[in-house]
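Attaching a single structure in structure tokens format; questions to follow.
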Amino acid sequence: MQLGLVGLGKMGFNMRERLRAGQHEVLGYDRNPEVTDAESLADLVSKLDAPRTVWVMVPAGEATKQTIGELAELLDNGDLVIDGGNSRFSEDKPNADLLSANGIGYIDAGVSGGVWGAENGYGLMVGGSADDVERAMPIFDTLRPEGPRDEGFAHAGGVGAGHFAKMVHNGIEYGLMQAYAEGYELLAASDEVTDVPAVLKAWSRGTVVRSWLLDLLVNALEEDPELAELRGYVDDSGEGRWTVEEAINHSVPAPVITSALFARFASRQPDSPAMKAVAALRNQFGGHAVHRAE
Amino acid sequence: MQLGLVGLGKMGFNMRERLRAGQHEVLGYDRNPEVTDAESLADLVSKLDAPRTVWVMVPAGEATKQTIGELAELLDNGDLVIDGGNSRFSEDKPNADLLSANGIGYIDAGVSGGVWGAENGYGLMVGGSADDVERAMPIFDTLRPEGPRDEGFAHAGGVGAGHFAKMVHNGIEYGLMQAYAEGYELLAASDEVTDVPAVLKAWSRGTVVRSWLLDLLVNALEEDPELAELRGYVDDSGEGRWTVEEAINHSVPAPVITSALFARFASRQPDSPAMKAVAALRNQFGGHAVHRAE
Amino acid sequence: MQLGLVGLGKMGFNMRERLRAGQHEVLGYDRNPEVTDAESLADLVSKLDAPRTVWVMVPAGEATKQTIGELAELLDNGDLVIDGGNSRFSEDKPNADLLSANGIGYIDAGVSGGVWGAENGYGLMVGGSADDVERAMPIFDTLRPEGPRDEGFAHAGGVGAGHFAKMVHNGIEYGLMQAYAEGYELLAASDEVTDVPAVLKAWSRGTVVRSWLLDLLVNALEEDPELAELRGYVDDSGEGRWTVEEAINHSVPAPVITSALFARFASRQPDSPAMKAVAALRNQFGGHAVHRAE
Amino acid sequence: MQLGLVGLGKMGFNMRERLRAGQHEVLGYDRNPEVTDAESLADLVSKLDAPRTVWVMVPAGEATKQTIGELAELLDNGDLVIDGGNSRFSEDKPNADLLSANGIGYIDAGVSGGVWGAENGYGLMVGGSADDVERAMPIFDTLRPEGPRDEGFAHAGGVGAGHFAKMVHNGIEYGLMQAYAEGYELLAASDEVTDVPAVLKAWSRGTVVRSWLLDLLVNALEEDPELAELRGYVDDSGEGRWTVEEAINHSVPAPVITSALFARFASRQPDSPAMKAVAALRNQFGGHAVHRAE
């Protein structure tokens, strides 16, 4: 089918490739003239046949909000917008309402798979009405991995459900990565295990802990067996925070996901104010030596 | 090759099947007369040709200790014992020393794969000397999953390394399971996501969180979509505790693995003494209502 | 000085007593006719001499918002409103702006001390302009505990700082209580310690862990040495959640405060969905027995 | 009464002062000739009248074990040894058995109060037989803070109970310090609160979080309002680790105490191996930028 695709960065560019390979007619728009197929958002819209379907794949937050605001003006009754970015689920309802006022449908799509999705396909979780989802299904079927539809795609619920599911997916991802990371550190600290990369690689088949993330860690250790070229500094991009906030909102205990998030925060602190306070306390009551700042 | 196999429970029985299918000559001993091939441990040893290799697959702790103590008496110079149970790595050195005094070799083998190992093969991590490991390699090659040897088998280090690696494997397993579980609970608590099993199933392919454990959770939800037939009561079998203790021993922060362990402890408390204390405190300072025991 | 006091519940009522004992002229308003000094908010305002100072001590959230909205209409240029409730600090700026439009000043006051404050005085943290704080200082000086002013009162910063400080105070409180509670549970679980209440009481003087909360726990154990009459069910009232959300907002690792919050969530779950998922997983891969729901 | 005191370091020296001020006859032994009253342990013993009481106040572990081993030889039937060091409770039973074989009694005494104990008195938790405790009570009564005996002293149970109680005391201490530290960091990170030391000082009276540890933090901030002269590097001395290990041993969830311990571990890592692994994973799946080691 025909699709307008706004945002041709790392993710959007790859998706266009995969969709075209699947025989869809994709018209992309990006501010970068080297990759865009249209001169402006308005130009893109004008080149699409009604009823139009436009996939938005721009950074979450302001950029997405602005793009959808413009589309609300440019598109017509009967058109459909899909937000495939990592937007917070709470932004979906306002987006849907804005578009709905002009008769435009809305789907929020959580997209997982990273840079590997171009080749492997993307895991998809979408939220919206049954009709809208049905209409975009040819696109979803091409983007998702090969195999049974329900193993790479879910209609998770109404508007917001797709991004909610993607948020939780990423929160879980934080926990999984931290679990492997703690185990890795303990193996590396042990006297017993002398070949840590070999142990992790041996978990690739047959074990309970085998996973795609484990495969990636094995890859990384093959390139750099002691991770000597990296610093233990880890950014976060929002979904982990949102997951914890939603856990709090729903009174759900989430110690593992939260510990993983806090480990990232701590990884970025050259000198922890909290631990200064603990050092100060120990010095006060016990006369314990402190490490003076230089 | 010829192998003596002590312990024909859920794991040992299946391993005998897999080894025999791999053309090994396996003589098993178990106290259960319905499955044993020998009348006693002594009988088993007498039926093996020197130099003998005996795989011990009995419950960790006392049973393993006793079996290895008896084997130290029954076996001869040049024989080899493999402990494939979930023994604590700290017991390997004493076992090896005991056997070594009689010229008997020792390998500790961590075995992962659970009830699925019979079919999929078992992930193996072993500790011991290069010569001993080389000698038992035909057995390891049959037990491990098909595919490249290093994706299902590792010689992790000297005596103790195999069980250390298995311990960490299980610690990671605790963290992974808890990460999925927290995410599952949050999805189930949300208003947005109306089809939780569908979302988890959609993560099976293409996503960052895909794994064998996820596949199992999908299976469980297909059988019981709300897990209504289960109680949230989770046992633990030692490796998680040992992992945390070793993390402490090596000053390795392990918040995720530890949180997963504590969640299991809490799951088994019908009424938490700690939370009684917190309730008592809130009542004392704020006059907050408490829930009276019935 | 003269003060209007809106809300004469557990806290407000006691504060009126303490203020009157301190020779202030307090006119209180409450919907409960048995305790009120005025027939309505309008009546209260009409009975005060300009420039008026009105302390709001009603439940945080809607009730506070509504009361301040009404006061914005009823009061005049030059009057002053103090919100002494447990409002979220993020509500202070909107409140201050609303009042400021009519020339009315605003102070947010965090008040600690619970039911004991009537007798011991209340710890106070306030936010607002120096002029406004100066003007209300006679009230603060009577409410705070005896002793040096800076040991029971702080001008923490501009509008919002008082409630922010109170929020953090309560977050710390969660952590402190949970620390004592975990220690209590471990003492109670030990074979060695046979007189747990005696141990806690012995910490009352001289030790590093002595505190007012400890004194309260000692009190509780004197009344009920095994806390047998309580259930381990603990509510939470918002500040702990907000503290964690602000920690996330500022990328501050807060594992202790968050663990304490999650322990409360878990204390209220008769059967944890997450732990059902873990039980289901263990059953899937290992054939481990599960506890069936009845 | 007469007391032999072995070990005149920071703690032992102060205790001798306090005991002598309380009219006890204290003979101290230390390897440091400037503080010792005897030339050797044997000399000390020879100077004491039977039945003797000897308080051991040397570093936990080897030094304590060796001293008690020597005392088992030097002392006689009817004498009494008190271990007042921070020994692990599991060492008390072996010590008691060793001494008991020669008819010598044993008390384990947990001592809290740090460098302030000389002036304020020491919180005491002791384990042993009623007769032994009764006999040493004059010493305990002088060492403990003034006030009712049960507010600074507890006979916690049989041998081992004193050190068990002290271990838990210190575990709680870890949690309390971390709770204040997290709150401190959040206050310091906020835009709202402009005078963090003032806020903490204002909690000194009347608030729920008032405590001796808070007073010490206030002291530290008066000396260095931003703790600018300290590094956030915190040692640990064993009791926190033991507390977590015992919590695990008794299946007691202890997330707060454990989080505090792990925060100390992390504070000592210039670059976390675990977080390198997480960074490596993010780079693998998402092409996320990593920080290269220099």
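Order of writing sets the labels: A, B, C and D. Residues in every chain begin at 1.
As a working rule, a contact is a pair of C-beta atoms (placed from the backbone, for glycine too) under 8 Å apart; a residue touches a chain by one contact, two chains touch by 3 or more.
All of these numbers come straight from a predicted model, not from anything done at the bench.
S.K.: Where are there more C-beta contacts: A-B or A-D?
M.R.: If we tally the contacting C-beta pairs, A-B comes out ahead.
S.K.: Greatest Cα-centroid separation from chain D: which chain?
M.R.: That would be chain A.
S.K.: Write down the chain pair in A-C, A-B or B-C that repeats the interface of C-D; the criterion is over half of the contact pairs matching by residue number.
M.R.: Checking each pair in A-C, A-B or B-C, only one repeats C-D, namely A-B.
S.K.: Using Cα averages as centroids, what's the distance between chain B and chain D in whole Å?
M.R.: 37
S.K.: Centroid of chain A to centroid of chain B, CA atoms only: how many Å?
M.R.: Taking the mean C-alpha position of each chain, the two centres sit 32 Å apart.
S.K.: Centroid of chain A to centroid of chain D, CA atoms only: how many Å?
M.R.: 47
S.K.: Can you list the residues of chain B that touch 2 or more other chains?
M.R.: 114, 178, 180, 182, 185, 189, 208, 213, 251-255, 259, 262-263, 266, 269, 272, 274, 285
S.K.: Note which residues of chain C are touching chain A in the complex, please.
M.R.: Against chain A, chain C makes touches at 208, 241, 244-245, 248, 251-255, 258-259, 261-263, 265-266, 268-269, 272, 274, 285.
S.K.: What part of chain B is in contact with chain C in the complex they form?
M.R.: 10, 114-116, 177-178, 180-182, 184-185, 188-189, 213, 216-217, 219-221, 224, 227-235, 255, 263-264, 266-267, 269, 271-293
S.K.: So in the complex, the part of chain A that touches chain B is made up of which residues?
M.R.: 89, 112-114, 117, 120-125, 127, 144-147, 150-158, 160-161, 164-165, 168-176, 178-180, 182-183, 185-187, 189-190, 192-195, 198-199, 201-214, 243, 246-247, 250-257, 259-260, 262-263
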